[in-house]
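Notes follow the structure.
As written, the chains take the letters A, B, C, D and E, and residue 1 is the first residue of each chain.
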């Protein structure tokens, strides 16, 4: 009956986003989503089956019942909540980095400068708002360059094709462990909830996952996963 | 959520972002296809010269630029060249990349259609004393064009869609514009159908031009297939 | 971070994920190109029948399937069809999508190369009493093939690369496999160069086959260009 | 003048055949009847419609009105009280098998050797086995003097050689009627004679033939009847000896004068 | 037998011209010399190399050895003490302008009307202005009897009409030498005469001409000298009256017998 999770829990994700979900050096699916949603599946007594596809294909495929839930660092937005049911499981905020040599400070400091960002991301919205504020204050707008993939966007900063780069905290933390020419100039910007998505008709599973998350928070396994990825700040209280 | 939502569709259809993207797609396609046709034709002509060197150049050129994904060419032009001291703007990189990546396809089409013109036409022209370039321009090209236009129509449609890849270097055109809209509401099919509709419009215009061209040619060329063309209009008395 | 790192390149070159992706790319390309050639040829033959209906069908078919982006066709087959009760497997959806989206391009190439065969060949064959299908198969096709092969080579390379889009419905092939590698190490150029190298290998093999085919044809067809072909081998006494 | 010679025993019979290209009428109501085994020469100035007439008989052109009968069978269309209906390509193909045609411009298949050209009919239409077709093809090539060019492709043959292959190709189908559109126009006199000998042999075996020709010698000696056409109409027809030596019409006399005129007007 | 007639005043002079296609030698050392204003008939069986010879003179084929001179200029190549060097396409084109050629198979430009075909040389090579080229083109079309077909495309013309357009096209360049490869083989006798009259006019204006032909009448009456070829070699040459009526070689006699043989061997 409906109160039980499926034996084989099909989880849709997009393994193209550091550090949420990606293939590690050994080409094993890994990342925060894989760890966290894998743990949830365990809690529900199911085996997790991750199905990776391009981000834009996720919601249509969920609606077509190609999987039971979507776990792909997806922002909770009113538009999405109309299409699918979402259960918040983590929160993300944005960080801006520049070259160490640059003298930009804070989000307001970006006015009149060029910044690269991932196309269609939450960071892009933040940047667009910041640019709007610049203009409202009579300052020059931010020159936004939105790229298809994070590596190219970062490369633009390294090449000095742009002066700044904005992405989620977690990505930047991960990247800065590999590269020391950058510095953070603004952090904790615009914290937003990320949610696990379900088919609107499948509120039973949504309920089960909500309960499982609550249980994991109390028994400490939730924090353990975040700690493992160095993003304790992303914990959702 | 339904399979299809008309209001979303119409909302997207006239969205300013989409119209701006459409305009970018159109001028970028026409400009780069034109450049690719010029470049591809020159390459094809070089390939026809009967020498080891020119044939080697031709085959190398075609193999290399066909095999290299446009994405790679764009990333190279935009992200790798600056490290070698050549800094192209986004638009420059997009135009050069789209032109280069399309040129080998055009070259193969031109080569094939030139070889469809009978040898006897060359001989008759030479016998009159025409120089090779005159023969090409007035005798061989007009006859080859009849064969080349349908596959060039393929290339037009391809180029129309290929422009979408320039988003990897932060240019926004029709496809990316519609894609951005899907990020907000995840109506993939509706949004992309809008792009499809505009593509359809552009190809329809091309088809009309092509039909007019073929009609003109039918004055001098009767293509007899399974059915015969009857009642040909003639200027005979 | 350097422009280029050879060790990353070689590491990727023989990575098992890449080799598996390569294999997927190859069989998917060959199978779907073959199917598209069959389907496209049938469509082209229908288009040659001299009737309002068949010509309308042809033009509609070509316009529609050329204009619809492969991405849309794939999402439709994978995610919209189930909501209408038709559930295709991922591989089925990929094969059908790649076949359908390629077929109109093949149709245009076939149509154009058939029209390159002189009308007199039809008449001579008919005068002997050959039926239309016999004429097509033994007289017209062999002559048209000479014209069609170079643009079909274009399609082969295209299809090789187009398979990368199946990642939107969760299939992993060569290009997606290389892209996955970039997530962990941000090395876009190295990873994509590996894909390019394999594409180059595949197109080189095609080119060799094509050259052999053209050499065979040169027995009966001399393409006189700017330079004359001298010292033709003959079987004359 | 022209008369609709509607003989009931005719093997090939054309009645009021009209062929229009758009506004241009190339055949303006032609009636011909040919008996089995007869050889007919078609003569007339350039553009008079000789080729068009032959193409209509072979149903390569759909006629605008009139009927064409071979034996008891209507060719190209089915005329009933309710009107004319074009036949299907399949039926047309069967009808054409019986009617051989040799073109003014050869029209060999460029991608096949001379031998493959000759055997293409037996192999691809009659589905004869390869060995037999080959043997018969070699015989035919020998008959037209080209046994040593069997493996040459058309582009490696001279014009005259190509035309001889084309004749062999038509003969290979052993048709009931042969149509020749200036079969010897590209041949040298010596070869003309070889080919004419072949054509005569074929005729002696009972073949019915129509030959558009500019070779008056040939018309004179190898045809039973001659038809003189002009501007899409038959101006005069009758026994070759009569039409060629003692034509009734002034126009035909004038045309024939042109032939000997080459000699007459020179120094 | 063949003799290298190396007259110093010759306008067109071939010395030991050899042309091989791979292993097949189509011309085996041909020497010919033609004086200004002379008309030469080339006769010989099919495959004897007549077309090949004309194509070599027009540099459509690169000869394997030997030299071809027009006036003082070597054609096709530059022979010095250090060897033969092929000329550039640009120089060849200029040389070809002076040498008109009419092909056995017409080779009209299919995408141009009859008039555009005729004016293509003056317009595209001589860069004559359109109006003048058009006027001259119409005159030439009228001369070959096709003024009313000026706007027809080649596919709308009969074989004979196409060949006449091809002749007009070659004449439009006002060349110094005209090469005809069986110019009348596809024409009816009446038109043949018209065309022959045109060719004679041209000749009377001092044109040097070589004509490969199967029309013995024409060879007899329109040429000064006749060359009889066989298997890539000149077997006999001399005044047309001599070669055609009283040949020295047995082979030529035999060939010519074939011509009248059509009449001789028939019932």
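The rule is short, and it goes like this: a contact is a pair of C-beta atoms (placed from the backbone, for glycine too) under 8 Å apart; a residue touches a chain by one contact, two chains touch by 3 or more.
This is a predicted model, so every value here is computed, not measured.
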Show me the overlap between the contact partners of subunit A and those of subunit C.
B
Write down the pair of chains with the top C-beta contact pair count.
B-C
Go ahead and note the Å separation of the Cα centroids belonging to subunit B and subunit D.
48
Nearest whole angstrom, what separates the Cα centre of subunit C from the Cα centre of subunit D?
45
What is the distance in Å between the mean C-alpha positions of subunit A and subunit D?
82
For subunit E, residue numbers touching 2 or more other chains are 21, 89, 105, 156
What are the residues of subunit A that contact at least two other chains?
56-57, 60, 63, 149, 152, 155
Give me the residues of subunit C that touch two or more other chains.
75, 79-80, 83, 123, 132, 188, 221-222, 226, 228, 232, 234, 236-237
Under the touch definition given earlier, write down the residues of subunit A that touch subunit C in their complex.
15-18, 22-25, 27, 51-54, 56-57, 60-61, 63-66, 149-152, 154-155, 158, 175, 178-179
Contact footprint of subunit B on subunit A as seen in their complex:
56-57, 59-60, 63, 77, 79-80, 82-84, 116, 119-120, 145-149, 152, 155-156, 159-161, 200
Residue numbers of subunit C touching subunit D in their complex, please.
120-121, 123-132, 134, 138-139, 142-143, 217, 219-222, 232, 234-237
Subunit A-touching residues of subunit C, taken from the complex the two chains share
1, 15-17, 75, 78-83, 167-170, 172, 179-188
Can you list the subunit E residues touching subunit D in their complex?
21, 43-47, 51, 104-105, 156, 158-161, 164, 182, 185-193, 196, 214, 216-218, 221-222, 255, 258-259, 261-263, 265-267
